[in-house]
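Once you scroll down, you'll see the structures, which are given as structure tokens.
Consider the two complexes below, in which chain A is the common component and chain B and chain C are the respective partners.
And then the complex of A and B:
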């Protein structure tokens, strides 16, 4: 172990010096060869020479691992014997089904609640003078890590059986009004929703910021024109503001969808997937590091990738279309 | 259609006073242009009429209704903005239809109105396009179309031509005027361009620093400016001003400039001898003449700018810099001396302290 660790500084040094040197030499070599070619040919080849290194890098650290994962997902727990699609069959059966169900709740609940709340905050903040202060308050949780945020909310959601002193903030408030304490992290479905709310709390700031800047980019003259045309505030929001911030709404929505697909830390810290709150990414972690089942873990990783890919592609295409317009 | 009465209207932004009590009467169907240099408060005043700015003091009345506390959407006015403010996500037809839809008008009538407005403005072939697919001039037309479909009580224009190129501006100028004559809708038009004001307005309101300097018909402003500011602002190139005083000359009282240039007093002006005055005459009211003619003034040329149809000449009259516009071609060049004769029947005397015109 110590032997390998001793190599780390050497590797860093080689990387820090070697990669720039290699880049320089590679590009120099490429340009040298290009200069020998006829004008037209060298012109059309030049982009590829310059792009070859980044493409190589992407192949090495992105494409290659994906292909390895794909192959591993077709193998057994130790990544050796070929088992066909049985890992995928497992992924869509038994306990995995309830896990998938939880992810679907995340997939719908998290983006929807975040979008509605951030739209409301962004629009309302735009109308008040103390916007900078209000915005700071909403953004603060963004600076907290998911893990630290989860620790905070462990206190908020803390539950003692009825009749005992409630130290959890939410249950303490409930007991003030004589309401029975709610086992926020234990009661099924309620617990998943409670976890989703933590994610909303953590991400609301960044979503509000994105939408708020989009709203500020809308020309005030256009809104004034709509006002003179007889539009009330709600009409202006629906017919003027919303259609003009669609790109930003899409960014928020797709980012949140991808985040809800790969949600892990909140669940890991708060419940570790117990009480029916487990999600795919947490199960992936369990399969990989606790059960040491490479086949299962890889199959889950592939499923996650396949789910997230279209969302990412939609985002990219939308972005391109916007740029063209 | 309605008249608009603005009485003692004031606007403060916190402690800063922007408009200091403005009174303007606008008749039904009249085309009034608010003109003045940047920051004179003309746009603010327009926005107050529109309901986009609060009215700090005074009263705005549209028709029989005081609108101070009526929100913009209920004032029944249409406004054309400097940047057009089209709805980018709506087609030309939808842009024009938006206000009608909000009024709850039936589909048939809406289509009819949009088609009619499109017809008037030549927008027919563009109805299905989006604003980003239009040229500046076409956008301008759509902005106007959006205003006229509504058939409002008052049209407001906020520097609508300033984003167009010079040629298009001249075209749109006459088009807007023709449109207003046809629709006979009361119109308030803001511009900083005095040519626009002169050519379009039934009545011009000249503003400076939040007060109305003069309010009159274009030609009255040109012929009888109330003060030196209006005299200088209306007309291009600007009126020439020479400081001096009234002195008795060979043929009765005459004007003597500080460096001894003598000019006949303007017709009708008869201030007592010794009064300090500023003599004002327009560059186009000065004639070329030969040396020795009575009243001819020698002037040395500092710059000649021929425009083809006329020639603009910058001159030194004594030490005073003046401009002249002549129909004649001028062959003399820089440093040469020519003789000029300002037309006293079209000249003015101003009080140098208050700037007011002496009658």
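And then the complex of A and C:
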């Protein structure tokens, strides 16, 4: 529709100028009212004036839906009658099992491949003169949406039957070496791994940045001394670098675990869950839109939340330790 | 005998020089590996660009690398993408979503972080911990109730509805990222402002906002990328809108229908990644800072 473009400047003006100005005026008004109150009262009310908008938004978009979803997961398809734990029983039976299996492949494969590759890039980039350029190259894909990344990779994974010209990059390379083409997106397990690699391509830059900064924090004098003593690079990496970057390795792992829980876009665009590549986030979308089963959708969402819970607890633990120190 | 006495240093010298040539070989190997990796990592982007400027007939019959071997380039795909795939409208809608989301996320995060760091109140620690816990919330947990709510109040299909969602969802991260920075502003600065009789709002706008500009830029670029690249939320909440679909939703739909062919799709995809790529290259410093500051340190 042509009128979309006419609306765009108006919407941007409202959202990026109008609402911020209103927010500022609101803060000013709040402060004005506070200044009329006695000192003690205004002091204790002030935080809530400032925090009112952020708290309201978080309550509306996160807290309220989490609580409601917990209850809906115990209700029927229309979200009305109480059905106990039957949605959860459904979530761990039948077709759901193969979906859960794929999620486990994602949960292990994505963090593991990302970690190994990013350790390699962070360590190797540290030793070359053109490190900034190398960094920029791995960071580039992190700006690309999972949707666009998937479209981009259709050209890598494209498959033609044997004997025909391969127009997909990977199969063309295979045919150069006389190998049979692989149906990357159709062959079971291979396809899930192929999808995982798209996510690795898109997110490696983040992991490399985190690990590279950790490696640079290790004193170079210490490493030089070890080198002068004749320690090999592999030994230095294993016994000096690795132990010093464990916290950052944990950060990479937890970040990637959370990302693999949420994965939706790549599967939606590449296979739409066909050929045995479905994951629970996509099944949730299906339950919500095609099956209209609110109970099932909510139970799946709660399972995702529960999987994320250990990471949340680890974060809280670290946050408290850091703020006490 | 005198030979034997001379030998050890000579042997040492030789082993040193073989050690040096071995080092040279290792350096060469390192450079080959790193450069091969970097070239490989760029292949998908190069392939995307080349496919977007090849005629449709070529794309259907040969790989993108043939564009290098037998250049026959045209911009026809871009014309098709803009004319028939409504890509201009989609880019506009995505901008109308991402720009306000970015500005509002940054503003509300800096207000929230300032209050959380500078003001003492009951429940402050609990609130901070809650924010940290919410950092990893999967968006899926919010969908069922919010879809219902959005339908009830008429927010579904509207762009402000998407602002509301994305700002609310990104706020815990934003407050978390800015919190650390604001806590590192020296207390003396606030104290001298207090002595000058500056109000809370004045202190905030005259001291905190100017100092926090770089970290606000970090949050801004991340919020923009998340918003621009988001598929799930606009896919769910923009249904029934009169506006063109956001670019991610449009692309995802185009993959499913192959009538237009690969060329226009690749052109549309290339257009969709131009703004994010430009941002990340021009603001790389801020992006790096955002990533490193946003990671919960162990």
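Following the convention adopted for this analysis, the second predicted complex is superposed on the first by the 249 of 325 C-alpha atoms of A that agree within 3 Å, B and C clash if a C-alpha of one lies under 4 Å from a C-alpha of the other, contacts with A are read in each partner's own complex, and residues count from 1 in each chain.
Basically, a residue touches a chain if its C-beta (ideal position, glycine included) is under 8 Å from a C-beta of that chain, and two chains touch if they have at least 3 such contacts.
Predicted model only: the values in this text are computed from it and were never measured.
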Quiz item: So, does A:235 touch the first partner chain B, the second partner chain C, both, or neither?
Solution: first
Practice problem: Quick one: classify A:141 as touching chain B (first), chain C (second), both or neither. | Solution: second
Quiz item: Which chain makes contact with more of the residues of chain A, chain B or else chain C?
Solution: C
Exercise. May I ask you to decide whether A:160 touches chain B, chain C, both, or neither, giving the answer as first, second, both or neither?
Key: neither
Quiz item: Touching A:69, do we find chain B (first), chain C (second), both, or neither?
Solution: second
Quiz item: Can A:219 be said to touch chain B (first), chain C (second), both, or neither?
Solution: first
Practice problem: Quick one: classify A:86 as touching chain B (first), chain C (second), both or neither. | Solution: neither
Exercise. Using the superposition on chain A described above, determine whether A:319 touches chain B (first), chain C (second), both, or neither.
Key: second
Practice problem: Would you tell me the residues on chain A in contact with chain B in one complex that are also in contact with chain C in the other? | Solution: none
Quiz item: Once bound in the complex, which stretches of chain A touch chain B?
Solution: 219, 221-222, 224-232, 235, 239-240, 243-244, 325
Self-check item: For the chain C and chain A complex, residues of the former touching the latter
Solution: 30-31, 33-34, 37-38, 41-45, 47-48, 51, 59, 61-65, 86, 88-89, 92-93, 95-96, 99-104, 107-109, 111-112, 114-116, 119-121, 124, 127-129, 131-148, 159-160, 163-165, 167-169, 171-172, 175, 199-201, 225, 228-232, 236, 242-244, 248, 251-252, 255-256, 262, 265-266, 269, 272-273, 276-277, 279-281, 284, 287-288, 291-292, 295-298
Quiz prompt | chain A to chain C touching residues, read off their complex | solution = 1-5, 7-8, 11-12, 14-16, 19-20, 23, 27-28, 31, 35, 44, 46-48, 50-51, 53-55, 57-58, 60-62, 64-66, 68-69, 72, 79, 121, 124-125, 127-128, 133-134, 136-156, 165-169, 172, 201, 204, 206, 209-210, 213, 246-248, 250-251, 254-255, 258, 261-262, 264-265, 268-270, 272, 281, 284-285, 288, 294, 297-298, 300-302, 304-305, 308, 311-313, 315-316, 318-320, 322-323
Practice problem: Give every residue of chain B touching chain A within the complex, in rising order. | Solution: 50-52, 72-75, 77-79, 81-83, 85-89, 98-99, 102-103, 132, 146, 150
